[in-house]
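I have a structure I would like to understand better, so I am pasting it below and will then ask my questions one at a time.
Note that the chains are named A, B, C, D and E in the order they appear, and that numbering of residues resets to 1 at the start of each chain.
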């Protein structure tokens, strides 16, 4: 009954029409659903297809020119950019990368009677590396006065599948606790150990249904589970959209990129107060100049909507993401306007 | 109708195993011929070669000639389907088609061949065939009930009705009464008596009294031992076979010394 | 197994019946049964109270059952002898196996029904997920997709499967038939995900990488379905008594007409049941469809163009990609699962009905 | 054969209907061959780039393809074997109950109920496994590890969620139970009454009758039931992916968080994010799975045929 | 060994259908008793009540008494398993266990009770039973081959060997030769002659010559029509039954007037 609502009302004065194809990060999946729903409602003649096939696949599809834009949990790296060869874009033009989806990653746990814990990066890394194995370990107890921690084994749950969440989480561990966490940041869990679960839902279910469990997942899915406040500088910061947005603002852009390539070098080991460093930043990638101009208007309108306060609000509501700051929005809007 | 059958030096095989060896005999039209013999001597096997049902069995084959009114059944280019329309068969266990009503069962031979027939003609044929099989009075009120609802003896007569509905010239019967109770058996024996007015009938039976009651001529088959082929031992008028056989083993058999 | 009415024997009551064996009275077994479960229940209850844990029902059932099996064996062996004891022991085990198997069934059914009821509403059956975030929406697109893809798979598999089984039963002899039987066996063992990969690869090669269509999903399902159809139809055709074929041949009916008009109608009930079961077998497949047909939030009626959702994939994606609020997604997932089970049950019922209507009439 | 003199009326042409019908039957049989061949060829073609790939070509590999597939293969076989270990006695028990113990009326109803289990889609088993089964068995696992941890299979540390290979095997067992039971039931029901009565007439109790007549007669059927169940268990995807905590280790321990993954589950986990050569790698693991099930089938056939002389078939 | 059997007013049912009505007879030890009668008259049904095999059929039931040496088979607390050890049975179609070797087949019944039999004892028993069944010489070199590899007649004798291996007191035989060729039939008839030195034997046969050859006493059963119960018409010395029966229907039957 919700299909074919195109002609449902004439109040929209949109002149846009056509089909826009995007593919990439599954982390943005829910947000994209919300954006698409709102955008299609406002522009009834437009269909946007976003295929949450994964960041890697998204980048590849975009490079092959099979999609108009890509979603990716990381920006293209310098080699890839140097290599160029983006089929959808006009030759010798740049790509633009916009960090429009900022989502805090919550560290969730299930311990009877405990709703939140304070942990520093070393302790977190120790737990997930399998070095801290009991909840009453001194390292945990010493940071949590007044919390009664049981003598119980820790089951640390990680993602079994290739995931942007894992990549960002391990990047944080590597940057903030380099002595304990010696693995490279990667979407695939880097060693055999701990407990694995499929997808965000699997991790949440495993943590919820188990006892003495801890895991990491997109913050929107933390629900009633206990969450960890992470030590930044001298204070413990619980996750919040504002704190997550703050770390993005506090981080510099990657150097040596073109004007509208807003790739961010996240400062995971920041000590700036009020920032929450375990965030996933997912990019929307488009061309500065398209080889085929047919969809340029659509891309501009769609990305413009995503960057707009309404767009950010929509994803915050449906996917629990952190709305970008106004300063970042200014840069993003300028970049979108440059598309031709 | 009814035709003369002539068999010349017939060998019948199951794969490499020769089940029946060197049979030659002649069967007169409008007569009843009985095949008797101990179990496993090849009565059924031989009977089935008379309408090429034998070759339905995988690996089975035949050597020799079977002539029906001079036409060799096993000649080149002969269509077994046409043979079977002329030489009908009734089996040991009554086997009406379970998905069909009594009426449909009688018409099966006609309808299954996609022949078109007006309803009136069909009704006539059904009545005529069931009359012929002495079954009409018992079933005329329930022609649309399934055939499998009848008693064993009625089912067997239904199968006979089905066979005569395609108007064959010869009817082969393989122990048609062995699964029936005595009353049904008598009904069938009476029927055979009537049918021989029109058809050439060949019947296999393990019951010597039955053979002597219904048949004009009797063929005695025997087997030397397991794994040996069955042979036609003696073929003569029924009275001769039962009263004054020329072979010792025939006498032993009909006097009940074995089997 | 059988009931034997026995008249009190007038003459033999005075004499000891030499054929009578020492026998545990029926109530003895019930006593053993009750005591076994009571004892285990008491022990577990004490443990539960001591450790402040919940009472372990599963443990009670299993340990109680084992204790019962063991003690009947013991008592019966002592009173009735070793052989009878063994017989009783095995009886207890066999019934136990059955009860154990019932536990997951009931648990699964209960879970699905109780959780699926929440969103089992009109909207669920009239909406797709297009433009829906959070609450609301429905699975119409997935239901249509499931029906179309399974229908197409059936359209491919039934003729091939049925004709193959006819070949095997009526025509095939020797090495070729044995070979096909073997291949069918092997095909039965194709893992469903492999079937999905196959369909995906096939379409990738011809239509470019990443092509996912409903038709590819149908192909994957057909690969899984064909061997099941062949197997079950073959079995049913073999059940048709040779007598009927011979009766038909003896009436001068050619072989193919015999097959069409005698053999198939006689076995149609069994064949239909087999086909329905084969549909039930593939309709719940998730992995191959996820790979070959992908998923979409929108209606797609076209098997040959674009991705197509199906109920299992819908259930899976609703579960895996939960948005906000997660309950809305989970409710939809369970409602989808319930719908799927109901569809399959309905198919089963239809199959039974068909079997009954077409079954050869015995008239008694 | 000898020829005749007269032109008989019983000569006819070869019937067109027969030719068309048998032709299409042969065609259908050939389609099976073509399909199976197509499956094999496509899998092989797609796999070739992966077989010689290294970590340079495919990000999913750490060294080469064989190192990648080996732990998966181990996990696949191990999980399926465990599942079969659970399901075989159960299915035989249920089948016997239905065929030889339960009263007739009840039996056919029970058969239907068990068949219904076959209809439950695997995702549902996955959801049930995570949400119901794993939490339910976790305390038992803790008890086993605490009290029987000396036994290598039960060595700790115990999983805090119960999502271990044993749980996955139980889910698999429940999933293959209906099909195995159905087959076992059929073969048990087909035991010739002749042989059952022969045993009873010798003075056998019901169990002894089953042991002497039913089980030996049903042995080949039970083997094919097992093989079919094994095939299903080897290839089951979603339920395993959802239930099992698959970390990729090669270990026999049943109750810890660290478990081997299975080929099918791994494909499901990795396929969504896979691109380029990674897809070929995953398809190649599928090929390996196909070969394994093929092998299992072939071995089972061989075993059955070796005992043919003593089987009930002749 | 061998016991006296006494049957008092026995009714046998399949569900609600009464298949056999009001049979009373006495069978002497160490004698051969033959049951004859047309198909469906309840010979098999009645025979199977003599060792409680009848109740293996779902829905089957019995009313009345069967006494073996004064012990009622259907008395309270009687264990059918014990009954069947004392009253052995040989079936119409030979049914050796297909998965067992010849040797295992012979020992099948014995092994149930006495699992720890020494190899020597077992060998002795196998030889003795096979000797008793006149089969030893034919199979002594291939005791480990499957029993299903034997010919029909040998299989039937193997089944007899299996039955006598558990040393029953009575042996029931249901048309033991009807599936056999004449030579095998003769071998079995000879065997029965020998067995009656030790066992009480009851044999069902459709072959009246066989009945007159092997039996001391003969019971004739008949049936009034389909759906009616079978009844014992006459029971007397075999010579009397065949030469001078007291009932008209017996005479009709033995003279081959029907059946």
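Remarks
The rule we apply is simple: a contact is a pair of C-beta atoms (placed from the backbone, for glycine too) under 8 Å apart; a residue touches a chain by one contact, two chains touch by 3 or more.
Chain by chain, the UniProt names read as follows: B, E = Phosphate import ATP-binding protein PstB; C = Phosphate transport system permease protein PstA; D = Phosphate transport system permease protein.
None of these values were measured; they are calculated from a predicted model.
Note on connectivity: the fewest steps through touching chains from chain D to chain E is 1.
If you take chain A and chain C together, the chains in touch with both are D.
Set against the C-alpha centre of chain D, every other chain centre is closer than that of B. Which two chains touch most often is answered by the contact tally, and the pair is C-D.
Centre to centre, using the average C-alpha position, chain C and chain D are separated by 14 Å. Chain A and chain D have Cα centroids separated by 40 Å. Once the centre of each chain is set as its mean CA position, chain B and chain E turn out to be 33 Å apart.
Averaged C-alpha coordinates put the centre of chain C at 44 Å from the centre of chain E.
Residue positions of chain C touching 2 or more other chains, listed in rising order: 1, 83-84, 254, 257, 319.
Shown for chain B are the residues in touch with two or more other chains, namely 81-83, 86. In chain D, the residues touching two or more other chains are 15, 131, 205, 208, 268. By the touch criterion given at the top, residues 38-41, 151-153, 178-186, 207-209, 212, 223, 225-226, 253, 255-259 of chain E touch chain B in their complex.
Residue ranges of chain C in contact with chain B, taken from their complex: 173, 241, 243-254, 257-258, 261-262, 265-266, 358, 360-364. The residues of chain C lying in touch with chain A in their complex are 123, 126-128, 130-134, 137, 210, 294, 296-299, 319-324, 326. Within the complex formed with chain D, the residues of chain A that make contact are 26, 53-57, 60, 133, 153-155, 157, 160-163, 187-189, 192-198, 202, 205-207, 209-213. On the side of chain E, the complex with chain C involves touching residues 52, 55-65, 67-79, 81-83, 86, 112-113.
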